[in-house]
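Take a look at the structure set out below.
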């Protein structure tokens, strides 16, 4: 077989290796599952596709799957988050990686096509693009035993397909595992959002007013860590129970329009589009910082801001300064992309360890199952339980009675 | 109609009135629902039974129902929590109250019998005794349109009946409403547990080691408030996800046997029996305090403690000092009964406001429904929503977009 | 010698005994100092006056001093905080106690006179009344070797005397010991203030707006515990550094006039008079609660409130409801007296253990010194150190390198 | 005048400009003082030396002084923290900067010599090197009106000189201003330490055990922020009062030797040498991280660690992995240098704004004073007050009564 990969520059491999090696030290749960699965031979010669943010932690998942005997085919679910050096390192290790930082949408689709025409057995999807492509090109999907979906968004797309009776493949809502959303979405995003913001801005958070938009799992984490840094936290939330919880957690709760003049830092966490709008920005203080910790880059209405502002200038790495007609400045971090990945290192390695272990468990589950119907499954309880027990073991936490 | 009540001493009524009047100032949600319902005439001449902890807040619920036009029949679900002065005040106001502090079990059953033979239309139950009595005496239940169950325990009993196909009445799991368990079980019990402990003991909590047994809603509240008082909190929990959450919330997690020598204060919150056992008590420090914030008084194995100890002495109101054979002392608060009620004032009034409003909403729902099947229902979403929206309004919290 | 005491009713002694016995279990530092001092014979036949809040913890200090061989003469520095049952218990144990709950000012002075004319050797003072009386009646003071002052207020009075060159006795500013003010004023008052407020009101604190007036040691403690209960805390403070610290601790800081419409609970902690004034009360929400955690009962301008209000009614133990002309209600707790003592149990026993141990150490220091000049001394470093080391030992905290 | 500067590469100036411009946006207090001072003409043609960490915030201070009319001469107090691009930008703006990243000690001394022989009028010192050089070369110091010392260490050196009667210049202990140490040492170091650690390691802090060594201002900040990230914090401290405060703040307190096996992260904050020693490292868990937030790089005994370890490898930027003979790994961050500067961006800009404003105020004070004696002065109260009032104004915090 010739070179079955496409990366920007293989000479970057050694730099990628250093990063992968580092995170591999902090992913003992994945190692634990590797040891459980290596005797089963289940992955032997199977073809596994991964379409997720391509950085060091993902790479380690890919290598573990390869070590279990599978052929691994990888692309990135978001070209902007692709690390070329990590892609290079994977290529060098014999993973079929097709990815390039800042690839165009057409390139991206060509990568997916290249991978899927090789007839995968199982796939990890992040947002639903693999799934969609397989529905549009059913000939590519005839070996597929299942798709493991990482995100809320992808799960929503799967549910719609299922409801319309159009779902042709078995799928698992990995995001909904307790081992994932209770930890990754809350503690992982909470911490890494603030590391990114403080590293990008060099600003003091203590005593600042932080407005957290949304009080779901991500919003709770972001609010808790802002509070832990000494911020005065304001929450906006339209769900009545969550709004009342936020109040009793000690935060002020109010509509965005009332919070707009108060905030020094705004963080969106809703998953919905255009929650922070131009009418809010007009009311903000000079010097307000806007950032997004939700999955998509559409929570802040940057298009309207660009039109409204007199000037937009990059004043520091991942900080754009918008000069408003009335003279004040507003700063947008990481262009409204997900702040902890686009402006930082992503989730901590030891948190992703759990999320990716659920993925590995679900891949194993599909490969060892027979005759599963084309429907959306929950993560099997025993996998969810296994992952958290392994984590407890790794952290030396004993919970016997 | 002659005197249709039985209380210890009607001359206590004025003292009870003061207490009811006080809490009534802080229950605006119940007032809001009263205003919503008073035009419907639904409660007119209906017979409503209440079998719950009989203190000031409950009394206000009874009076609201009466004001809506119903005949109200009340007894206490736990004779030890009955306040005679509150019972007297209710009697004076024309409520058919049958209750006496420290009534015997036979008396308690006679009260229930007296009430139920009057053929109630709906009932509020707290633990399931009304429901059981109606199943044993079906002739009493022929008018019953529904039973509203307040507690986890009662809900569990209902589920068992339903599973066996023996449930003969419609019932609602009031406890499971978000407006109730998210607030009452967490913030309500959390705060009132520590008010009771500090008031009973006059001890400083800052710097003490507090062991919280169980990390469900109640446990989280108890742990959060202990932490807020400056305690170093240890959590014991056998559910792996909850144990990991407790860890990432910053607490140490370990088995009870390892926590036993560390704790200055122990609080059980599991709902299970004998979680704090004699083998644990043997390992405790001299001067450890044991208390229970779960529903029943069987979480601490006091029977075995009594047998093991050389001496048991009441050394202060609601504090029993056990002298152990090895010479050390262990203190049990409120005889292991639910600390915030048996050793304090119960939940804050403005928290019970929500829980009792869900009850009122569900009574209204049953009385205005037709042909409901004998099964266990969820709290209707619109009631759950209404209660929280009324609370937000009362607290002047705006959540519009 | 005949009955050298005056108390309300000696038959209350057994109830007082129970209280003293309870707190004595939690004052190991005082016990430790007793054991250090009992061999010195320094207290033998000496006359010691105590003029402090007369409740169980003070009583234990008196008994320890008596056990060291001294004659102990006790009155209360504040007749409203006097517990008659504790006074009775002390009398029965042979302490010369002169005190009665709610004694008039003239009675109070007669008690002081009776004690001081017996020519004390040393005295514990709380606010400076003993000191003043001795300056006015120098014949009573000829044996006095020193006065130990407990409070900030008393220390201020001493400093003025010294500045004017009029101080005739040696005195120690016990309040300024690190073992006292770092712990008693912050953790002690912080916790006991909130136990008192929640016990008196039966209100939920989570989600409420708490306005803390002053951010000194007491204010910090009160704010920290309010925050720990889930309150949203607003601080008012006129010292610029403290105001900025409060901000960076995550609280909102603003003038009282701006905080007035926001607060659900107000707590004064400044030591200054009339900080919460009628112009503030006019702006408050219906249902606001006012309380004071500073030393004196003049921080809330109750006189003006009484004049302004249409009606004042006691609606519950230690709660006065003021009906304002505009129809709203304002609630004053413990009549503006120091909330944790006048409306609760005072500081935790294990905190007062440290403060009273400093007192005992300073009494011992005076009694064993010679030829001290009439000036205001600091607490000797070795006593301050001893007390905290004993506390660390009692709490089993090891701090060796 | 010819080129009166020495920097690595002037072509880096534009990159330095971007950084200086960014921080200048967040230093309004310095701007406020500039406006107060610009009319006085006090700085006109004066020679001002700065010997401090040379990065963007320092550069802005230098530029402000230049704008006030002075000649500014700059070197770095620590060649490892020198940013060549910032030095280049200063040179281009006409500041006499002599500095190069990683300059040798001899080079460093030659820079100081070059600057001081130009006969400065006032100097900002950081650690005391300028002061020492002036004492050794008195001819250079004849114009010196005063030295402003930034650090605890420098202040200690000054106190020793003064005690020995050898201090020849007037000096001010800038570090001791409330506007500095209450904020910079606590909130500034607290936050930036954790930004650095999480950015360097990509590790999750929630649920980890963090051992903070020392509970002074820096230790309190580091502990508070670790706690705010969800860590379980252990404090080691040998001062008894601080140890007890840490306990009552909810942390476990124990000797380092007992904390050694518990910690996932260790942070030294004592200012003393070799507090984390090889006997502690031997007891640590596999994977422990060591870092230092104190001023000097000698708190962790790295020399002994290097000798003891079988292998030392740089495994990631600013992370050294030591392989111990028993097989475990220990990770040292930033080679034991001050983690927030050597491994991060230093203090937040808006915190340094206060510290540098105190410096500017003290320089102005010296230049406008006459006949000051050669002794160590406190920061004048009015400067300390002015800086904090300006900060309150910048943050829109009102503290009027």
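By letter and in written order, the chains are A, B, C and D; residue numbering begins at 1 in each of them.
The rule is simple: a contact is a pair of C-beta atoms (placed from the backbone, for glycine too) under 8 Å apart; a residue touches a chain by one contact, two chains touch by 3 or more.
In this text, all values refer to a predicted model and were calculated from it rather than measured experimentally.
Measuring between mean CA coordinates, which chain is farthest from chain D?
So the farthest one, by centre of C-alpha atoms, is B.
For the interfaces C-D and A-D, which has the higher count of C-beta pairs in contact?
Between C-D and A-D, the larger count of C-beta pairs in contact belongs to A-D.
Return the distance between the CA-based centres of chain A and chain D, expressed in whole Å.
Result: the chain centres lie 37 Å from each other.
Report the inter-centroid distance (CA atoms only) between chain B and chain D in whole Å.
56
Using mean CA coordinates as chain centres, what's the gap between chain C and chain D in Å?
One centre to the other, that is 42 Å.
Which positions in chain C touch two or more other chains at once?
Residues 187, 204, 206-207, 227, 230, 244, 247-248, 395 of chain C touch two or more partner chains.
Please give the residue numbers of chain C that touch chain D in the complex, ascending.
Spelled out, the residues of chain C in touch with chain D are 178-179, 182-183, 187, 236-241, 243-245, 247-248, 253-256, 258, 385, 388-389, 391-392, 395, 397-401.
Which chain C residues qualify as touching chain A in the complex?
204, 206-207, 227, 230-233, 244, 247-252
In their complex, what parts of chain D are in touch with chain A?
Interface residues on the chain D side: 18-19, 21-23, 25-26, 187-188, 190-192, 194-195, 198-199, 202-207, 224-225, 227-230, 287, 315-316, 319, 329, 344-351, 395.
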